[in-house]
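First chain written, first letter: the chains are A, B, C and D, and each begins at residue 1.
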Amino acid sequence: MSKGRLEAFSDGVIAILITILVLELRVPKGADLASLRPLLPVFLTYVLSFVFLGIYWNNHHHMLHLAERVNGRILWANLHLLFWLSLVPFTTGWMGENHFASLPTAAYGVVLLMAAIAYTILQRTIIAGHGPSSRLFAAIGSDVKGKLSVALYAAAIALAFVNQWLSDALYVTVALIWLVPDRRIESRVDG
Amino acid sequence: MSKGRLEAFSDGVIAILITILVLELRVPKGADLASLRPLLPVFLTYVLSFVFLGIYWNNHHHMLHLAERVNGRILWANLHLLFWLSLVPFTTGWMGENHFASLPTAAYGVVLLMAAIAYTILQRTIIAGHGPSSRLFAAIGSDVKGKLSVALYAAAIALAFVNQWLSDALYVTVALIWLVPDRRIESRVDG
Amino acid sequence: MSKGRLEAFSDGVIAILITILVLELRVPKGADLASLRPLLPVFLTYVLSFVFLGIYWNNHHHMLHLAERVNGRILWANLHLLFWLSLVPFTTGWMGENHFASLPTAAYGVVLLMAAIAYTILQRTIIAGHGPSSRLFAAIGSDVKGKLSVALYAAAIALAFVNQWLSDALYVTVALIWLVPDRRIESRVDG
Amino acid sequence: MSKGRLEAFSDGVIAILITILVLELRVPKGADLASLRPLLPVFLTYVLSFVFLGIYWNNHHHMLHLAERVNGRILWANLHLLFWLSLVPFTTGWMGENHFASLPTAAYGVVLLMAAIAYTILQRTIIAGHGPSSRLFAAIGSDVKGKLSVALYAAAIALAFVNQWLSDALYVTVALIWLVPDRRIESRVDG
């Protein structure tokens, strides 16, 4: 079974999610700077979520590039990942419109945590379909970044009820960790 | 005529429908748990419809994989299926916002029933274009799952006016029946 | 220059337009039949516009199938067609919500007329890039259906100010004329 | 790493942006000409932004056609361009609904300026990955159009606070400059 449609469908969903995000940026009534100001937190969460969805698309691109074939399990593991990503516009809007209040900030982290877990499941499902001698298995290695992200998301969710700015700082930290494309896989491909 | 564009167009429409679904999850005004609670039925219907659209995408993927070519009839049978699927966000929103009332619950089933019938028509149209010796014909077999789904949808529509929770249980049952990818076709491809 | 991206981009835009159409079907507040009734004209216009966009996708699919290459002129002629198609959800919503009043019914026809003209321009631009000995040129022939559609749209626009039901009957007539896939081209491909 | 998915993802995002634009054209309540009139500025900005997004898609198509491979840097430079393009519907709506007031007109230019800079960065990133002897490098040449656009956008932003009609005239001028497809690259491909 070819992986082309899996890639195309995932591209479609992520492309739509990334553009649905911007619909939360409602056009303000006024035409002056003051009417833009309440949009600032919404805009900042938009930038953060755009980067997160960009990271997922990027890593998905790299991972599928090394996959040689897909099966029914992989299709469902992929839909599971897309499910959690599809909730990102909702938690982004909720966090932005409530100016980073505790519960929405924690909810934002829960969705990111579930997406990270879904990504790990997808990764393992693909490896299971290719065997431990596959290029992907070698490229993933110990998956330090993946494990670190899960730990940081969990910490951010708990911290949201203490001081939500710490949570936001952790979200930005995870984004920065991943913003560098996954050299483990890329170097494998080039080398 | 190549099947690539038929697949790409269907992927596009289903990807958009699956993400439009989430637009029904309106960002609540408040930032506390109480403001999330009214969203619970909307969220549950979202999960159910996400799974149904995922099932259709998955089965469509498997079926088209075995098709060798498409013609004008197949293009229209496919558009007919997409038409009924396009109504899923509407009936999902109607059922979720009315907390599973009778008529919206029945309407949800009517759209699923029509989509199931449209899928069967598409299947037969593809087989008609390939002949009874085709791989697809052999892979479909007696189509027990398809016939069972149609019967369960019909039962669920009638039961919605007696007790709508029975209908919802039937919808979940159909989803579970299909959640297992279509091994008939997959084993054909692998074998 | 390959035609793959032109097809993919057009598929994407038409897939989105066809699903944006359904957003005009707003989820009603009530859960009874009476709350569905005001949606009936909106639903009927939805079906009509879904069929029109399906016809355009189908014919576009057939036409591009015969094209061998694209150039800058063809890219812009295609964007011009997509521009007019992008206005279909707007005129559909306007006509449906105003229960087929005269001006919205005429506006619906103006957008369809402009799309038909844009399609003819695209067709001629592709032929100009391939020469009169091309397969496409032979397949189009005298383009009776295309010319008839333009005439019927023009008549429907004028009649909208006399009796808008005549206009609607003409729109349905054009849809029925095209619903049969373009056998001229298809038979060329098969033969 | 293949460029196919980068093209498909960009096509998806631009196709969605171009159709999200039209959502700003809200269906008016009335059915007469008077109810259409307030939509005129929104419609004009829609046409302008449709042309700008069409130009970006066209040029992106030409540029990627000459690229032979992509890497992680190119993926992110491309996402950076898509980020700025994703803000076009917001600034389009803001400018249109405020009848071309100064600040929204300047904001419209800022987003176009940032997109133009992002396009230049993407162009340089692709060239850096291919070497100065690449076909793309030769095709870009001195990039007069690109530099001129940046200068005109900067002028338009400043002029928005003097007379916003001058800014709008400059935006139309840039669009006209680019409406001609990039012959430098196209002639390279054909020649």
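Please note the rule applied: a residue touches a chain if its C-beta (ideal position, glycine included) is under 8 Å from a C-beta of that chain, and two chains touch if they have at least 3 such contacts.
Predicted model only: the values in this text are computed from it and were never measured.
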Seminar exercise, completed: Rotating chain C onto its identical copy chain D by a Cα superposition takes an angle, to the nearest 5 degrees, of 90
Exercise. Chain A-chain D contact: same residues or different, taking over half shared as same?
Worked result: different
Exercise. With chain centres defined as C-alpha means, what is the inter-centre distance between chain B and chain C in Å?
Worked result: 26
Problem set entry | Centroid distance [mean C-alpha coordinates] between chain C and chain A, Å | 37
Problem set entry | chain C residues counted as touching two or more neighbouring chains | 8, 12, 16
Seminar exercise, completed: Residue positions on chain A within touch of chain D in the complex are 7-8, 11-12, 14-16, 18-19, 21-23, 25, 27-28, 30-33, 36, 47, 50, 54, 57-58, 61-62, 65, 179-183, 186, 189-190
Exercise. Which residues, counting only chain A, touch chain B once they are in their complex?
Worked result: 1-2, 5-6, 8-9, 12-13, 16-17, 20, 24, 71-73, 75-76, 79, 82-83, 86-87, 89-90, 93-94, 97-98, 101-104
